[in-house]
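Take a look at the structures below.
There are two complexes below, and they share chain A, which is joined by chain B in the first and by chain C in the second.
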Partner chain A sequence: MSKSIIQVDELGKTFSAGRAQVRALADVSFSIEEGRFVTLVGPSGCGKSTLLQIIAGLVGPTTGEVRIEGERISAPMPDKIGMVFQDPTLLPWKTALANVEFPLDLRGVERTVRRRRCAALLDLVGLREFADHYPHELSGGMRQRVAIARGLAQDPRLILMDEPFAALDEQSRTRMGHDLLDIWEKTGKTVFFITHSLTEAIYLSDRVLVMSPRPGRILESIAIEFPRPRELDIIGSEAFGSIRNRIWHLIAEAQP
Partner chain B sequence: MGAALAGYLTFTLMLFGGWELASRLVLVNAELLPPPSEVGAILLRLLQDPRFVADLGLTASEVGVAFIVAAPLAISTGFLLGERLHLAQTFNPIVHFILAVPQSVFLPVFILAFGIGYFEKVLFGITHAYFVILVNSFAAVRSIPIPLVAAARVFGATPTQIYTRIYLPAMLPLILTGLRLGMIFCIIGVLLAEMYASRHGIGRLIFSWGEAYQVPELLAGILLISFLTIVVNEAMRFAELHVGRFNARASTA
Partner chain C sequence: MTRGRTLKVVTIVATLVLWEGIVRLGFVNQIILAAPSDIVAAAAKDGGVFMRAFAVTIAEIVAAIIVAWVLGVVLGVIAGSSHMLAAATAPVLSSIFAIPLIIVYPLLMAWLGIGPLSRIVFGVLSGFFPIALNTIDGVRAIEHRFLVFARSIGASRPQIYARIIFPLALPSIVSGLRIGTGLVVIGVVVTEMLASLGGIGYVISYHRTLFDTGHVYFGIFLALLIAVALNAGLTRLNRRVEVWRTREQESLHG
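Now for the complex of A and B:
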């Protein structure tokens, strides 16, 4: 049994909006074992992104805590946690390669070292020939690939992904999911992925965490046991359909 | 680029050719519009006249000093208002009221308060440039994509790095637009102040040539100022386009 890399304990988050208090998260607890691909699904506005921002160290929780390898997270931890955002958030004035290098550049990694490592990462995401292109010269899917390579640049233990394929069309989205699994298998990183697409969640993950509408809490953790490497065909299978139905019912029944 | 250049050249040739013809064929009063060949000869003579060059240099120095003082002041005020929105709520309307009023009406007040010397010219240039640069600097801060800042923080950027690596490049295109417009306003302010009341400067000369009916000199001065301001504007616009080419449609990409 592999050890857990990240532990979320009784996490709660309340925002104040003027005089009103909005409870985004209530009592969220779970852990993720090293090397696993775990996805969180839930209805829009259930606090998924808030949870991810807390794990990323961008915002603090109101109650509870998150630990990575035993260390409490209170600020971004670039050497341990990489992130891919919903928008690619590439710097428009930098080339694809320079964008991948950016996290290393921030920490003063020497130019030749970071260039070599980042060129290899661009190769891994299939964009070797586009190293010198600027973000506006790339398609949406390609930009997200650059963002994935950038998320891997500091060789973190954990990659957080906040609905990274939400803005893509159906076909690119499926393709990206497939390629992401390939990258994940090659790098052996732990991935914590957020989506509201049940199909995407089940296809990609070892485990799916189902979140309730606001205030978000974990309704259930469902192990997905399709063998890997997975082919897209499994999406049409009966077993796949029944898991999807089960998650769908969980979310629907939790609606107020 | 090539086509545009050819267009400019054609336009310039037609303008000066038409002007020369109109003047030579006496289609217009040649005393009011002497041919460009004559104006050009005068301009060449003026440029060799040390007193004229001194006047030109004085004006350039007034514009330069006003701009160098106004730009950092205006950029930092705009930045402060952009970062502190509660201040912006109070001060932005005031800035827009001031921008709405033609500043030329204040010139007599400036003269009463500060005389008609170098200092007054510079001050009038500063107040002309300040507000337009400020407004653009404010917009530049507001144009910084927030997700980029969040991403940089996750990747371990320090607060200083966020300013130098995200804020600065993201703000640069609008800052440059502000500086270019500020430069134009600055020149307008200084020339206006010189023409209205002054003992020196190219503005004063142009105005007095007009009063003395020295039309060739007047037109030579106008041509020279037009040429110089176009060069300054185009140089700044070039920098702006060069920096702005990435931000065309990629601000959140």
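Now for the complex of A and C:
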């Protein structure tokens, strides 16, 4: 077994909303091995995004801890973790290329070096011809591709993705998933992906973590054994359908 | 010359001739309306006085603009980036902005004298509030996701302010600068007229008491020149920062 890049131990998170205490996460433990594509699914409001933000070091846990490559996380680690959000959050006054370069620019990476690296990343996400376009000149899917390239800019070993395709129409969404697998296979990154689409989760992942409604905990970790590279046709297969059913029942039965 | 240009020149010449004629033929009292030739004569006679006054006014306005811009933007960004500070300061600032500030000018004169300093300070006071208020608005309107993104890529606090918050708030800041800068010009020129011994406002006011209407008009013309030049510069700046904002909105709705 390869070593784990994310180690989550007995993680709990409680928010105080006025006088009330809201338990978002309860006793979440799991680990993810290097190079894997792991997806977390669960109903809306189950604490998926909170979990991701804790792993990213953006929010502190109430109990428990997260280790990234063995190091306990307490603040963002941009050289180890790249992030892609549901909204691409591109800077509207910068071109696609300048957006990808932005994290490196802040770190003082020399212009020619970062330009070369980021042009290659834009090429990887299929936007070579759009380097000089501004975000408003790109489609939703293209903007999210720029955001993915930007997430890869600091060459982190781990990419965290928070429902990155949720705002796209189904066709672009399917295509983006397919292309993301291609990028993942080429770069060998570890991907931790959040979605509420079961189909997307199963199609993309080596393993699907199923989360309960709030307070969120991991109900089950399901290995997805379809061979890679995967074709979209597997979505219609019987094996795929039965996994989807199983996950669906897990979530439905955990409803309070 | 193109036809449009010919028409323009003809219109201007015709207006001047008509204007001159109305005054010369005695339709309007010369104290009320100076003829173009009177204005030119005033400029020729006291050109040196006008230029010195013009220089004083410009220096005062530039000083007041720099201070008002820097104070307004810096304090606005600071107040805007904290929910509590914004809630505490914005209502106070907008109440003060609603007061005709000229009522405090006697105090400024008592404190700072009738020299340029009291006029510069009054100019700053006049322009500061809309700049600060617009800056606060612009910073408050920044969506939280940008700040989360900035932290996720390891941006330092100064970087978050300079590279994320400031540019995102810039369209709103620039519209504050447009309003504020106009008020700075008014503040400086008005206080020159009220009580001082220098600047265009003083020259206008002085010649008004002598019924030198030609001088008054030339002074007004010079004051207008400053206002028009500043407005043209700010309009250009505004157009530059507006470009991505409007396009962004179009692409969201289209």
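The criterion applied here is as follows: the second predicted complex is superposed on the first by the 256 of 256 C-alpha atoms of A that agree within 3 Å, B and C clash if a C-alpha of one lies under 4 Å from a C-alpha of the other, contacts with A are read in each partner's own complex, and residues count from 1 in each chain.
Simple rule for what comes next: a residue touches a chain if its C-beta (ideal position, glycine included) is under 8 Å from a C-beta of that chain, and two chains touch if they have at least 3 such contacts.
Computed from a predicted structure; not experimentally measured.
The superposition on chain A brings chain B into a clash with chain C. Of the two partner chains, neither chain B nor chain C is touched by A:G60.
When the two complexes are overlaid on their common chain A, residue A:G241 makes contact with neither chain B nor chain C.
Shared-chain residue A:G45: touches no atom of chain B or chain C.
Within chain A, the residues touched by chain B in the first complex and by chain C in the second are 56, 58, 76, 78-79, 81, 83, 85, 87, 89, 91-93, 102-103, 106-107, 134-136, 154. Chain C contributes residues 145-146, 148-149, 151-156, 159, 163-164, 167, 244-245, 247-248, 250-251 to its touches with chain A in the complex.
If you check the complex, the residues on chain A that touch chain B are 56-58, 76, 78-79, 81-83, 85, 87-93, 102-103, 106-107, 134-136, 143, 150, 154.
Put simply, chain A touches chain C in their complex at residues 53, 56, 58, 76-79, 81, 83, 85, 87, 89, 91-93, 102-103, 106-107, 134-137, 154. Against chain A, the residues of chain B that register as touching in their complex are 145, 147-148, 150-158, 161, 165-166, 169, 243, 246-253.
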